[in-house]
Amino acid sequence: MSDTPLLDVRAISKRFGGITAIDDLSISLFKGDILGLVGPNGAGKTAFVNCVTGFYTLSGGAIHFDGRDISALPLHQRGRLGLARTFQNIRLFRRMTVAENVACALRDHADRPLRSLFRFGGDAGFVRAARDLLERVRLADKADQLAGSLPYGEARRLEIARALATRPKLLLLDEPTAGMNEEETQELLADLRRNADLIPSMIVIEHDIKFIRDVSTRVVAMDYGRKIAEGSAAEVFAHPQVVEAYLGAGDADV
Amino acid sequence: MIAEQIVNGVVLGSMYALVALGFTLVFGVLDKLNFALSELFMLGGFVVIASVGLGAPLWLAGILVLVVCGLLGLVVEFVSFRKFTSADAQVTAALSSLAVGLIMIDLVQKTWGGEPVSVPVPIEWRRANVAFFGMQIQVMKIVILAVTLVLMGVLHWLISRTAMGRNIRAVAESPTFATLLGIDVKRVNQQTFFIASALAGAGGLMFSLRNGIASSDIGFTFGLKALAIMAIGGMGDLRGAVLGGILVGVIESLAIQFGFGKLGEIIVWALMILVLLARPGGLFGAAHTTEQRA
Amino acid sequence: MFDRRQLLASTAALAVAGHAPLALAADKPPIKVGSILAMTGIGAVYGILYNAALKMAVDDVNAAGGVNGSKLELLQEDDQLQPSQSVLCFRKLAGMGAVVELGPLTGTSWETVAPIANAMKMPALCFTASKAGISAPPYALRIAPPDDTAIPEGVAEFMKLHPNVKKIAIAGDAQEASGAAGMELFAKMAKELGLEVVATASYQTRTSDFSPDAIKIRGANPDAIFISSLGPTSLPLVKELEVQGFDKPILLNSLVWAGAGFIHAVGTAGKNVYTIGFSTNDVDPANPKYNDYVKRFIERTKTTTNLPQPVNVCNTTLPYDTVFLVADIMRKAGIDGTTPADKARELIRAGLDGLKAYQGINKITLRDTGDGHIKCHLLKANAQTKQWEYALAPDQRIKTPAAFKARG
Amino acid sequence: MSQDLLFLTGVNILMAWSVYIILLSGSLSFANGGFMALGAYAAGVLTVKWGMNFYAALALAGIGTGLVGALLAYPALRTRGVYLILVTVGLSFIIQTLIQNTDYVGGVRGMTGMMGTTNWHVWGLIAIVGVGLFWLSRSHLQRQLDAVREDERVAASLGIDVVYLKVVCFAVGAGLAAIAGGLYSHYMVFINPDHFNIFVSIYVVLYVVLGGVNNFIGPVIGASVMTLLPELVRGLQSYRPLIFGVVIIVLLLVRPNGLLSFRLRTLGAHKEGGA
């Protein structure tokens, strides 16, 4: 069944002028995988997410998703194919309400936005779906607040709910626990577990090694835009190059 | 004839460049368009008329243009930009500065009437010609080019060599970062507005000295062209503003020589659109693609 | 209660008019006359100038007893030279009960308003626009002579003064209706006179740099230049030609002469400059009425406007004449302040319909097209006095009227 | 209020909405004066020269200009922010100059003979467009447009076809501006390219910014206030331009988000999804 990977990243590279952000990186991920992506700051982890989701165009290589070459697809088509993400620095639609943030991401009429003008039955379906998702991330009571007014932890949960509203096949979380204390991190972990039915596969970028150990089925370590280790969490964190990369970067998280 | 047109284009271009430099300085620092610069350009000529009318010699009038326009630039900064700091306020600030420009036009028209006014520069100065490889070139054009080059040199020195210039560059790079470095962003904004407005005024000064008249309606379209030139050269890029100005000046002059004068405004705007489509960051600017902001 | 300012104004007017009929019936309501001029913005100089003439005419009419016992009341609206505003003002004045409307200033505005005047059955008289072929009788008439008679008459005198001109250059504001139309007329004249057009330069109202045009023209080495553009737009070109050492005669179309800006700012570049027009500040021995007007108008503008002095009277005689013309028609038709506006408008239209000529300060002949004709002459700029003067002595001027079809 | 003032106010409201519709997808257009000119001329040519029915001509002018708008939008929308503003300013100039050099429609001389618009047409259209915009404001589409305006890259990553929405908005806005232009030309009888100079485009944007960009009532308020204001202060004679400028500056300072700055929510608090 699962001999074709859900995501197959084939020797991609990304350069900005003279700077190489990603260099000949190959990663594959199967349905059901939860991949932890670790590495020091500037290792190219976020660049990788940007390449996969279409925020960056590739300088080389190819990305296949769900059996299709998506290397040249624009952002929104990748979104429709089932890729969804969150951002390292949370990017909500701050002047829209919490409910609207989720509702705008809901699929509608096979993605023909103008059709929604001709729906005369009202918004009940959207309201129900949005409410359901907000309940899942414990934000239902804030549905009518402006998203910009949410505190950090709730904003993060809303961003995840918004990503889930697109019914993704693969969810990419870019440092979901950044800036959170231990308790909030645990809550987030619980949220993700509780909603596992909506998250078939996931890639998580994290500095919090404990978090990575807890969620991932597999871990990839990156440095200087390259993959330096891959395997189980235990294997990767014991890998000498990984240890060196972290120590070399002086990262306190290790 | 064609060589003469090219020389003229360079001189015209240098005046475009002065205003475009003003726009690009403000844009570099604030990411906003200061439409009032168009009218400060227009005011340049009238400040000369007013100061000579009050008995000032021409050299003093020239300095007064820089000072008065610079100070008015501070007023514009206070009225139209101080309060509108966020990125969303781009249009609000631009329209507000446009309204300040409308008021300037109206005040000039109230004072001098709507028609062109003679600028008191001796006709012998304006008429002096030199022959040069068969071309006939006015000394005034050479002077304008020289003064413009000096002003650009001073600007370059200010930006690249002085503490003020370092601060301006830092704020242009990132206001947040500049604040962290302890730079007084408000002060830098004021300095930028003063310099930009003085440059626009200087452009108007040159323009009125060369034409021998100042008119209240010349600023708007000239200023818009300078904006297009800024985009052609690359927004926030000083070198681009100068080269873009000269490029447009030469193209416009040659277009008239070859009988395309009827196209008028189309030339510069079509050029700008083509450049932006081919190179969204302008001819000389860094390629601002959407990716870096992703 | 008697308004003190009104009293002063009428006393002054009485003193000027020189006789004091006491039939000023304060009990009859005034007749409302509308005017649309640009009083703010770029056209304000013209608006203020013509408004002064209109007011002087209304004061004079009222001082002489008004019209059938009613005073004239001038309702003034500012259109800022914008055609849509002109229409707005036009209908607004109609709504305020004006029985006739004077203005607007430009051909573009006049062309916009003229059809509406007919649709609304509202007599309208324009006294400035120069573009040919845009009046719309019977309601919309133009008192001013348009370029299709003025330019041939002016060019004829120009050629008399400069018979050696063989090659000409034509320049003009090609993006403005009157300027473009004038350029075409100049080209037509050149063809008729067998002149060779060696260069054509089209610029725009807001052209930044006239050097390229001047270089091009100089390079073609013409014997003279004909320039057609609105008001002072040609000024930078004329100045640039001087700077480049071009020393040949320059003929401008009639639009330039009316404005204060050109003659006051032209400076030494004016020594080769001619334009086309029908009145100057010169004393005309044959026309004492004209001399009286010039003297009074210049005095009046000194105190009531901030126009640069000396004011050139130019065609301000036209708005003045227009008011008297309308007053005459109303007098004959028996209109006074009590006549319903609709009826008064119809009567004025009927009066205009029968009008073939009017002798005011100027002799105005009406043409089939609904345009006026006044014999135009070549004028020369005098940079020292900042006034336009006739280029040819009275006996040298060409008297034969241009080929046009008068009414009737 | 006079007929004409009512008419001009109405046309300005339609024009303000044409900018507002484009702004819904986050693009600011300074080309709407140009689109207005295209519509005014197209409708004029259709009725005067081709003898077409007024309504058909209006519709055709609107659709045609909408298509032109869509064609222009694809390249124009490659740029954004200030660059897009300048590109649309350029389009305005280019359209005006092209008309000036097109002899078929009279060039700089202008074109005349268009008749038939009444205030009923204008205000009827305002009613129709207003209902449409109200309907839109409660729709899923509005929500997606809001998302695009907030952060178009993120919106795209959620599967929203940003380019498509932007082009559609640009086309619809251009089409509405064209219909407003058609109404204008058939009311004014005579038009020339100068009726549609760059200031028209700039003032229309000003109406929207002053009125408020976040709801469809704002542009109505902005257009009405700015059209009526010069009339209200007519008594102040030559101080009108000064007052106009000062009012703009003060309004922007006091209400930087417009006179009506509220945003209509697409999911109301009163609905079951609320609490």
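Annotations
Just so it is clear, A, B, C and D label the chains in written order, and each chain counts residues from 1 on its own.
Keep this in mind: contacts are C-beta pairs under 8 Å (C-beta built on N, C-alpha and C of every residue); 3 or more make two chains touch, one makes a residue touch a chain.
Note that the structure is a prediction, hence the values are computed from the model and not measured.
Note on connectivity: the fewest chain-to-chain touch steps from subunit C to subunit D number 1.
Seen from the Cα centre of subunit C, the chain whose own Cα centre is farthest off is A. Centre-to-centre separation of subunit A and subunit C, using mean CA positions: 74 Å. Between subunit A and subunit B the centroid-to-centroid distance comes to 47 Å (mean Cα coordinates, whole Å).
Separating the CA-averaged centres of subunit A and subunit D is a span of 40 Å.
Subunit B and subunit C have Cα centroids lying 38 Å from one another. Among the residues of subunit B, those touching two or more other chains are numbered 106, 262, 264-265, 294. For subunit A, the set of residues touching two or more other chains reads 55. Contacts with at least two other chains are made by residues 40-41, 44, 174-175 of subunit C.
Considering their complex, residues 39-41, 44, 77-78, 80, 83-84, 87-88, 91-92, 95, 108, 111-112, 114-116, 119, 174-177, 179-181 of subunit C touch subunit D.
Listed in rising order, the residues of subunit D touching subunit A in the complex are 135-136, 138-141, 143-144, 146-147, 150-151, 153-165, 168, 263, 265-267, 269, 271-275. Those residues of subunit B lying in contact with subunit D across their complex are 27, 31, 33, 79-80, 83-84, 89-92, 94-96, 98-100, 102-103, 105-107, 110, 224, 227-228, 231, 235, 262-266, 269-270, 272-273, 276-277, 280, 290, 293-294.
Interface of subunit A with subunit D (complex): residues 53-55, 74-76, 78-80, 83-85, 87, 91, 93-97, 99-101, 103-108, 111, 113-114, 116-117, 119, 123-124, 126-128, 130-131, 140-141, 143-144, 162-163, 165-166. The touching residues of subunit D, counted against subunit B in their complex, run 28, 75-76, 78-83, 85-87, 89-91, 93-94, 96-98, 101, 153, 198, 202, 205-206, 209, 238, 241-242, 244-246, 248-249, 252-253, 256.
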